[in-house]
Amino acid sequence: MKHTLIKKALSLAAASTMVLGVGAAHAKDSITIAVPSFLAGGAAGPFGIPAMNGAKMVTDAINKGTLPAPYNTKGFGGATAELIELDEGGGATKQVAEYRNLVEKRNVDAVVGYISSGNCQALAPIAEELKQFTIFATCGTPRIFEEAPRKYVFRTMGHATGDNVAAAKYVMEKFPDVKGYTAINQNYAWGQDSWRDFDLTMQQISKAKASEKVQFPKIFAGQYGSEISAMSLDKSDLIHTSFWGGDLEGFILQGAARGLFKKKKSLMTVGGTAAYRLGKKLPDGLIIGARGPYGILVKDLDTPLNKWFVETYKNIYGIYPSGPAYQYGQAILAAKVAYDKAGSDATDEQLGDALRGISFEAFSTTIKMALGGGHQAVTENGYGITKYDEASGENIVTDVKFYPASCVLPPEGVESVEWIKGGMKGAKC
Amino acid sequence: METFLTILLDGLQFSSYLFIVSAGLTIIFGVMKILNVCHGSFYAWGAYTAAFFIGKFSDMGMPDALGFLIIVAAAIVVGVVLGFIIEQGILKHMYHRDEVLIVLATFGLFLVLEDVILIAFGTDPYFAYQPMALLDSVEVGGIIRDVYGLSLIGVAAVVAVGCWYLLNKTKWGTILKAVIFDREMGISMGINVPLVYTMTFIGGAILGGLGGAYIAPTISVAPGLGTEVIVLSFAVVVVGGMGSIAGAAIGSVIIGILRALAVHELPQVELFVVFAVMAIVLVFRPEGLFAPAKPRKI
Amino acid sequence: MTSSKPILEVRNLLKTFGAVVAAKDLCVDVSPGEIVGIIGANGAGKTCFVNMVTGYLAPTSGSIMFEGMQLVGKGPREVTHAGISRSFQVSQVFHTMTVAENLMIALAIAENRGMAALKEMDTPELRDKRDAVLKRYHLEKHRDLTVSVLSQGVRKLLDIAMAVVSKPRILLLDEPTSGISVEEKFDFMDVVMGSLKEDKVTVLFVEHDMEIVERYVSRVLAFYQGEIIADMTPKKALADAKVQEFVIGKRH
Amino acid sequence: MLKDTTSKVVLFGGLALIVLGFFAPNWIVNQFMFGFSRALAILGLMVLWRTGLVSFGHAFYFGLGAYAVAIIDIQLGVSDVFLRLFAGAIVAGLAGFVLGFIMRNYRDIFFAMLNTAVSMVLYGIVVKTESLGSTDGFAISLPTIFGMAPETKYPLFVVITLIAIGAALGVNYYLKSTAGRLTTAIRDNEIRVEYLGYSVARAIHLKYTLSAILAGCAGALMANSLGQVDPDSMINWTVSGELVFVTILSGPGNVIAPFIGSLVFEVLRTYAFELAPQAWQLIVGATFLTVIFFLPGGIWSLIAKLGRNKS
């Protein structure tokens, strides 16, 4: 008797999974694209939400066919796309589990997004294992395409090396008399790579000494009192940080209150996102980048695609689009390009072939899938210096300078670290 | 010397907010023998409520000085409302259960409250910088410090003195100490223990909220705030001795200073040093450095 | 074995808690098969004595020899293994389990020492042994009741039954009849003493009830302020002036 | 060893699942792999819980198991699933045995807290050490089975299920042994156990080590089936809380309970996350409270009740 009932229990457990497991089937004339981004946590407001907005706005326009030429054809290879928005928080392992569900349970056609380098690094091998066409939108660590060749995974923006090589070059041009530099970066792939690339480049192109005590607080730590003190006491006159999202904004506010940015030059490779959100609270004279030609750096770039992007975004969301909005927008655009070429019923392989190695016009720049066997995009990369403009009541950037991809990114087949250590051979600036 | 002074101040600043939060935790444990995991939520709710209204009011053009009022108000409101609901709605019905089970219940509450924050305040971080901006900054030991941050130390001191006075100089204090020492004895002395419990929990919750509310202006108030602070204050309370205010004070100073020291001298160990201390204390002095006296029940 | 040679030799046993002297220079010899009653007012040091002999308390000084083995410095477990068991003033049993389960575990521990503890517990042999004990201690009718619902008397029986399954040579009972109604107490003691006699167990028991003492013991140890003030037959003891005054005192 | 119903159900139910799994879609197979992996840790916690001990830090052993796999994979390129499992079990087991000497002297809240402290020490080290992957952790290569690299997840599912069956049978047998029966006994009355001649400390030490080994295996298998480890989902205190939660959810009634409980948890989490990405913690937490209040015996008590009504 007890026998039967335990059996029942087991089968019940099994059954419940089965019943609940009816995956979302999809028709021919529509495709589902999963768009992971930070919807909660410190990274959501400044990064995740704008990114998601960018993705939604562009997808919407593509479905309606209202994008400027050459993208004014309706849909993705004719099919309207339905987005599945989901949170990329909770750690790489949770994301891996969720990704498996996306692919194997919810049968999405494409995955477009991801902000955290940690997640991208964890998911690249999984995507390959599951043979799932995936476009990384924002995450920056160069390791993804350098540690192994990929077949199904693409990234439509330049990686961290470009940000930091450009940063170093910019600093040495504008402030050649920098004596020493310290840094505060989050202790995960993104922060570690950023610091490594910046430090190596500085060693190559400057006499400045790196501080022996660079800070690597935990990501999303939120409080940097002691770190700020430590850096204030440090002899260096330049601070490098690849902080982003809530961490960056917290750091800027706490640092400003402690006069940190008056005391030292500060270089923020992802500072662009804070420019619009902090308004007057953003100190003048910060060297900020947007991880490429995005956000505040290209606000006034006068091309039809960019004008459309900036104006539409401002109209819908009441604020200028920041870097993440561009990056997710152009990743979605890449998906359209791939589908238009391969057709809406294309296999993951065909989509991959369609995107591999091509170059296409995005909202603010031309994206060349040049590295990682045609899977890793390269774009120019630039920096500017913040200034609060009383007249418009907005932050603007001055002294904007862009460096071509060939100048700040290694040639195909060369590992970033090796390239920089080797004196950045073949860099064309 | 400069470094020493800086480490000291950084440490104390960190200790201060740890202490305010931990004081609440330790009082609740001392009186009710409940290790309240959702104390982290009180902290988070305090921070959110304060940040939210400071922002609102300054948008409405009210004077920024109001911020300090809001901070206190936020702490009290959060403490009273959440504290009352949780104690009356959940915990009251569990006092007969195994104490570990109660810990788990508060863990469940913690998970729930974490997400209720998202629903109530959304995912966007809040900045309540006004009070901090108001107090400007001073140069101490060769580096600039925001007066607001330093004032945290004062607030902690006030809380400490307040608790000490309450416990040692008032009728309430004697009652509390009686209950802390021996619940049964308290009952036999005709103390209205259920009332004491409710008040204690609310009081503890207020302190938890105050910790969050006061730190709010210095951080970007974002979800997931409570997760780290709760284990930190566990460490504090364990090191100091569960249920002892003095212990919480010492515990938070030790941990605050150690952490600051780590950040300045050996950043890699920053996180783990705290819990190493906690483990060591548990191994060699399970009752903590300042364990309150316990009745012999053999 | 020569019954002349004492099975338990207690020499100059001293126990102090700070200023309080709970046991002062105790010297006792107990011969095999003796039934010894330990009497004395509350706080006279009776339970303290039992706790020291059974390894629950470590004496401040002195020695306790059992069959030529030094017990001082041994814990409850070693003492049990050596062959001394005890029951408790407040019965110490597994309150969420049934009587049968309690005995089963007691037997299993006694029978399966060391690696054998990893053998399946619930064997027919063990069940037979358990039923025997249940019968002997008149516990059959309670066998499947959870301890928490049992009366004090039954709990005490169970407590003692669990103590004897390890076949001790000495059994110490701490106030076996406390909390047992006047009607029950003699039947209770008959059951206990009966079975203990069968097994030729040497018994020391702490008791307040003089009727019980008169009826069951062959020898009395009277405690007063941590000292043994009388060591004689029950008859003599009850007549003894000191005992009258310090132990039975409030009788008249 | 297979005399009792439970063992039979474990064995035949398990084998039945292996057959069913062949026809089940991948994601369901995943749910079962994750569920069964975690269930091993729950088995150990269940034994502790029966003894009256709740560890709020077993993510320590879970994490050790997982990271052991990651490290031998990356450093030595060990891909065999059994070697990996063995490594996880050994590392966690040794750690558990050593710490056991301390842990066995602690009870209640102190036991819970000391475990938390220890796990957070490991967390602090891993998060701050780049060579240990810091916050990112490591991606883990697909496991091989007897040198074969399976195309699908099914073979791994079979392996995990077989291990689960083995563990369930083992623990079930242990719980019926004298040492095993000493769980409730110790919770009820340590003094009596000592006076019956059994060392409480040793008994608890044994159970603690057992739970550590099981948690280590769980971590190792989880790492293999997920292909990723990181501190926040393997070592952080919230993970320990999760493990305890599933233990309560399952109920201590029977060795099958942890497996059902873990499955329910996986499904609960998957759907909570799918339906309410921003409120899945709320759903989990609310379930937790509900179980604590209205289902002290966990899911198993429901099944047991079903049985009683049938009879």
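Should a chain be cited, it is by its letter among A, B, C and D, assigned in written order, with residues numbered from 1 in that chain.
Throughout what follows, contacts are C-beta pairs under 8 Å (C-beta built on N, C-alpha and C of every residue); 3 or more make two chains touch, one makes a residue touch a chain.
What you see is a predicted model; the values in this text were computed from it and never measured.
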**Message:** So if I look at the partners of subunit B and the partners of subunit D, which chains show up in both lists?
**Reply:** A
**Asked** Taking every chain's C-alpha mean, which one sits closest to the mean of all protein C-alpha atoms?
**Response** D
**Fill in**
Chain centres from averaged Cα atoms put subunit A and subunit D apart, in whole Å, by 36
**Item:** CA centroid of subunit A to CA centroid of subunit C, Å
**Value:** 77
**Request:** Could you tell me the distance, in whole angstrom, between the mean C-alpha positions of subunit C and subunit D?
**Result:** 44
**Request:** At least two other chains touched by the same residue of subunit D: list those residues.
**Result:** 127-128, 278
**Complete:** By the touch definition above, subunit A meets two or more other chains at residues 39-40, 216, 218
**Request:** Spell out, as numbers or ranges, the residues of subunit C touching 2 or more other chains.
**Result:** none
**Asked** So which chains end up touching which?
**Response** A-B, A-D, B-D, C-D
**Complete:** Listed in rising order, subunit D residues that touch subunit B in their complex are 54, 56, 102, 106, 108-110, 112-114, 116-118, 120-121, 123-125, 127-129, 237-238, 241, 244-245, 248, 278-282, 284-286, 288-289, 292-293
**Request:** Please give the residue numbers of subunit A that touch subunit B in the complex, ascending.
**Result:** 39-42, 44-46, 48-49, 213-218, 220-223, 225-227, 229-230, 232-233, 246-247, 249-250, 253-254, 257-260, 263, 278, 281
**Complete:** subunit C residues touching subunit D in their complex are 54, 75-77, 80-81, 85-86, 88, 92-97, 104-106, 108-110, 112-113, 116-122, 162-163, 166
**Interface residues, subunit B side, partner subunit D - complex** = 35, 37, 90, 93-94, 99-101, 103-105, 107-112, 114-116, 118-119, 123, 227, 231, 234-235, 238, 242, 267-276, 278-279, 282-283, 286
**Of subunit D, residues touching subunit A in the complex** = 5-6, 8-9, 13, 16-17, 20, 24-28, 30-32, 34, 127-128, 130, 134-137, 139, 141-142, 226-234, 254, 256, 260, 263-264, 267, 270-271, 273-274, 277-278, 303, 306-307, 310-311
